[in-house]
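Below are structures written as structure tokens.
Presented sequentially are two complexes of chain A, the first with chain B as partner and the second with chain C.
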Partner chain A sequence: METRRSWARRAGVLFVLVWTIIPLYWAVNISLQTNVQGSAKPSNYLPPTPSLSNYIALLLGSGETAQAMRQGFVNSILECLCATLLTTVLATLAAYAFARMRFRGRTVLFYAVLATLALPAYTTLIPVYQLMSAVGLVNTYVGIILVYCSGFLPLATWILHNYMTALPISIEEACEADGATRMQVLWFVVLPLARPGIASTALITFLFGWGQFLFPLILSTDASTAPLTVVIAALQGRHSFPFTMMSAAGVVAVLLPALIALVANKYIVNGMLAGSVK
Partner chain B sequence: MPIPSVHEKSVRLTIPPAGTASGRPIARRKGGLRRHPAWLPYALVSPLGVFVILLTLVPAAFTLGESFFRVDLFDPPIRFVAFGNFVDLFRSSAMRTSFANTAVYVLIGVTLSTVLGFIMAVTLQRRFVGRSLLIALMIIPWALPGVAEGIMWLGIWGSDTGLLNSALTSLHLIDHYQVWLGTNPLLTIFVIELVQVWEMTPLSALLILATLQNIPGEVYEAAAIDGASPLRTLRHITLPLALPGVTLAMVQALVGAINIFDEPYVLNGSASTGASAVMQTYFVSFQDLNFGEGYALSLMITVVTILASLVILRFIYRPVEY
Partner chain C sequence: MRASSRLFRSIALVLGAAAVTTELSGCSGGSQSPAHEKIRGETITVVMPAPPPPKKLLDRFTAQTGVTVKWNNVDFDSITTKVAAGGAARTYFGDVTYFNFLNGPQYAKLKWFLPLDTLLDPGVTKDTLGKSAFTYDKKLYGVPWDASVGVTTLNKSMFAKAGITSLPTTMDDYTADLVKIKRAGIVKYPLSMPFSAAEGLTVYWIQTTVAFGGASIFDKHGKEQFSSPSSPGYKAAQWMISALKTGLVSPGAVNDGDSQAQGLQAQGLSASSLVDYAGNVSSLYDDPKQSKVVGQVVYLPVPGAHGPVRSINLSDGIGVPAFAKHPAAAAKFVSWLIDGKNQIKFGGAGASDEVWSAQYLPSNYPALTTLNAKGKVGDGAVLLNILKNHSQPYFPYGTPEWYPAFSHAVQTSLHAAATGTMTVPDAIKAMAAAATH
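Here is the complex of A and B:
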């Protein structure tokens, strides 16, 4: 019976590996081939003459596509970093108040924040677009960052609130007894203790931001603020675009999040689980 | 209790305590935290409040209200039409098709991601060498942008260069390359949804795994002593005790599949074969500029999402006690 179980597990492990790796491997494989090699029937399961020429043309070229890709990369980084920073800071402050302070309206506001978690993001798509265009924030970094923050703040607050309520309160009480103010307690005691929770929140927020598509698609009508997702989706719409280079573009867009997931998997897993308990 | 990590010695993956919806009791008052200036909590929560009210609650209310108005850039002025937008939606065959398509996306997505997630979770239930590495690898698809995943999978589904065609031909299962996307609606939806399943399954697996790790070892020992076969143990112990995690996995897949947009947009463009309801919202609002109908459609998608989640929670969720 033990052996039967271990065979089942081996099969399961093999399944997880094949399922996860094949699509990733295939995109990398295609991206390292020339267009002729990539069109071979049957396909080349290994690149015959692996070459980075697609990546070089895509990222370092002087053409319109390469410029859009570079701009998209910079935009994605900028928008995600700003949104992550702002979301994490604001969510930390709010989560602390919800977790450790009594005030009028606390329950109502907390429920209101939670309720927005049940709304699919697309509920607000059209009015947010109209609002942004009314105040002239379409095609601006500020517009996109604000929309990202509003989308990610409730979840970030929820994760951090749960994390902070679970911290032992006695340390905070002891500090207060020694004369620390509430903000000192937050800064010197709660923040260091909550660091893993804050890291999870920030990483998850960054990954969410990196994957955004529909909102930036409508909020950036030209290339100046379009993130990588919008740029590569537009490449895909062009008929003459070589698909080996398309694969390279896909790999460029997944490289950073894949690395984050692999390296910081401990924090990501915790964030995923914490965030899903809505 | 701090959220334990999968890497700790105990290797216990738990869904963190969710607190109560209204927040945990603030503090034991004995000694307790002292009072703070009355304005301090408001200062701390007001940025969040401003974001939530201005960019979520007000827009959501707008969607609710405006769905009863004709808001069409080509057909001014804005005027009250009661349920006119909804009637128009149901009269439009493209819309009815997109609803049916979305139902198929949901059916395929929820079933596959839950079944595959369950298999992954059972695989990872016990400790073995390389388990944490496998978990790290497994979560990668969840972390990637849907758009990029669509592009990656295009290399698999491609009609004249794809891996699937190549592999099936090499195995002599087909004699010439097939078109998987855009011809047969059901096949198109299946092929697109499989990409989303690839993205959603890691979270399903983690949610189920977290529940499995709460099952006390004695339960399995007792089953082994009674001579239960592994399959019977799986069917009669693991599966029922995993139900809370399975429910959460189903809800997350449901919400994901109802709102599918990125994958069909990339894999199938504006082709109507396999268009989802959210794609239809995008077309109606931002190509036809008929915002009123777009509002009505968003509202319906929202209501269906919430109702369907509640149905799953109500009928499948069972709290488990040991």
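Here is the complex of A and C:
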């Protein structure tokens, strides 16, 4: 019975691995081929004459596309880092307040914040666009960062709330008994203890930000603020579909999040599971 | 990618519907500047699904007009989203943008674009092909910058190898020739057809309907004309599905969009496409970087029930959004883009650094004839004749406002029929139901 379970587990893991890795492999495989090779039937399971020409054209070229890709990469990093920083700071304060402070309407407010998670982002697109336009934040980093922040804040608050609720309260009470203020308790006790949770939240927020498309598409009116996702979509022409180059662009775009996921996998999983086990 | 395209189109549709409600309840359209507004020193944002025209020519435009152009290259599907979001939010997103004539009636009704009649100088569009598709309520809302029609392409070498000496003019001949090519083993699947649930499938079906003798899939009152089994639309759907089931079309076509289907012909994996894009011989089949059949593919007037039929107009347009900040400067740019002299340069008759890769087929007819005379239009003589004498609007009685929803039903139903989850009669029934508004 045990052996059968073990084999079933291995088969399950293998299935998930293949399911996940094949699309990535295919993107890499296609990106190393020319358009003619890439559209051959039957398909080439290995690049017949592997070439980095798509990557070179995208990253080192001097044309509009290469410039837009480089700018898009910078924009993605900047927008995601700033949004992550802002979201994490605000979510930490909010989560601490919801987890430890007693005030009227706390529960209602907390669930109201959580309820916004269920709101499809598309329903807020037009009001947000109008608002950003009215205050002159369309096509600015600040506008995009603020929108990311408002979108990610509820989830970040929830993750950190679960994490902080699971921390032993006795240490904080001891500090308060010794005369520490609420902010001192937060700064010197809670934050060091919650560091893994904060790291998880920051990573998850960054990864969410990296994949954003619709809001930055609407809020950026040129390449100066457009992130990679928007730039890559624009590689597709009206009557042409340079799929080998788009595959290369996809591989470039996925490198940073993949690296983060590999290095910080433990924190990401912790964040996802925060509060699930008491 | 295709799924996300559909998602964004759906979003655009929802936003559009929401905005129709708002507009119909009494809100007015956008602002309009005086036609003779001073434009020197203004900067316009141009949002297009294409890379910018050559810098040299854009700089010349700026020197002549004093207008600086900021170019925003956005993919085709996302432009629809941007237009819908900008229109629904009544917010500026650009001064000039791509105008999809299939969404034109929606745009016109919602007042998301400015009429160009008053903005453009008189006579600017005199020689522009296909502009009737952009006219709604007698007002011109967009102008074609690239002329395209549905046209048949075929690989003459493959046809010759199969012993076919004269090119087909009727659907019966065309089908028989494809069968002959398949039986001769020249190519396994001789016909390219895009069966993925995308816009290309609707276009293919509508042109095939014309081939089977239907002038339009709707009559002048907007009533559908394809639910009867004897109707051209019904026969067209049957022919398309039959081509797939009998192996004229690759089974993998159920996942192919139009660019993938064209790619098969470019790779020498199919012998023909009944409905192709007029411009692909130069831009795809004769480009050695993308094609293995250079010099082999030619245009053919679309075969019909009793002889060649008209090609449907598929022009790419450009327009000025209602909330443009600089409408007069935007109109100046539109005039510049469709100007014959510039289109000749874009088309490769001038210096090499003046070629604009995004212009496949000039919309200015004299420019097209000049480029053809200089050998810059692949198989140009056939194409010119089709464009000038044998083309018709996509919808001769005007594009219905509910076209996007109808097209979605056509795509999903025909795709389902192709995958075998729906019969052709059921697919036609679903399409007819979507046309009952």
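By our rule, the second predicted complex is superposed on the first by the 250 of 278 C-alpha atoms of A that agree within 3 Å, B and C clash if a C-alpha of one lies under 4 Å from a C-alpha of the other, contacts with A are read in each partner's own complex, and residues count from 1 in each chain.
We adopt the following convention: a contact is a pair of C-beta atoms (placed from the backbone, for glycine too) under 8 Å apart; a residue touches a chain by one contact, two chains touch by 3 or more.
These numbers were taken from a predicted model, which means no experiment stands behind them.
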With everything superposed onto chain A, say whether chain B and chain C fit together or clash. clash
Touching partner for A:C149 - first (chain B), second (chain C), both, neither: first
Quick one: classify A:V74 as touching chain B (first), chain C (second), both or neither. neither
Is A:A234 touching the first partner chain B, the second partner chain C, both, or neither of them? second
Between chain B (first) and chain C (second), which does A:L109 come into contact with in this model arrangement: first, second, both, or neither? first
Check the residue A:L52 against both partner chains and state whether it touches chain B (first), chain C (second), both, or neither. neither
Of the partners chain B and chain C, which touch A:V36 in the superposed model: first, second, both, neither? second
So, A:A223: does it touch chain B (first), chain C (second), both, or neither? second
Between chain B and chain C, point out the one touching more chain A residues. B
Tell me the contact category for A:V135 with respect to chain B and chain C: first, second, both or neither. neither
Just chain B (first), just chain C (second), both, or neither: which does A:L167 touch? first
Would you indicate which of the stretches 5-13, 149-157, 203-211 or 365-373 belonging to chain C has clashing C-alpha atoms with chain B? 5-13
Both partners, chain B and chain C, contact chain A at residues 39, 41, 122, 125-127, 129-130, 213-214, 218, 233, 236-237, 246
Could you list, by residue number, the parts of chain B that touch chain A in their complex? 1-3, 5-7, 13-19, 21-24, 26-28, 31-34, 36, 38, 40-42, 44-45, 47-49, 51-60, 62-63, 66, 116, 119-120, 122-124, 126, 128, 130, 132, 134-156, 158, 160-163, 166-167, 169-170, 177, 198, 201-203, 206-207, 210, 224, 229-230, 248, 252, 255, 258-259, 261-262, 265-266, 269, 278, 281-282, 285-286, 291, 294-295, 298-299, 301-302, 305-306, 309
Can you check the complex and tell me which residues of chain A touch chain C? 34-36, 39-41, 64-65, 68, 122, 125-127, 129-130, 133, 138, 213-214, 217-218, 221-223, 230, 233-241, 246
What residues on chain C touch chain A, complex-wise? 1, 4, 8, 11, 14-15, 18, 45, 47, 49-52, 70-78, 81-82, 85-86, 88-94, 98, 146, 250, 252, 257, 259-260, 263-264, 266-267, 269, 277, 279-280, 283-284, 289-292, 316, 358, 360
Please output the residues of chain A touching chain B within their complex, sorted ascending. 1, 4-5, 8-9, 12-13, 15-17, 19-24, 26-27, 30, 38-39, 41-43, 90-91, 93-94, 96-103, 106-107, 109-114, 116, 118-131, 146-147, 149-151, 153-154, 157, 161-163, 165-167, 169, 172-173, 176-177, 182-183, 185, 196-197, 200, 207, 210-214, 218, 228-229, 232-233, 236-237, 243, 246-247, 249-251, 253-254, 257-258, 260-262, 265-266, 268-270, 272-274, 276-277
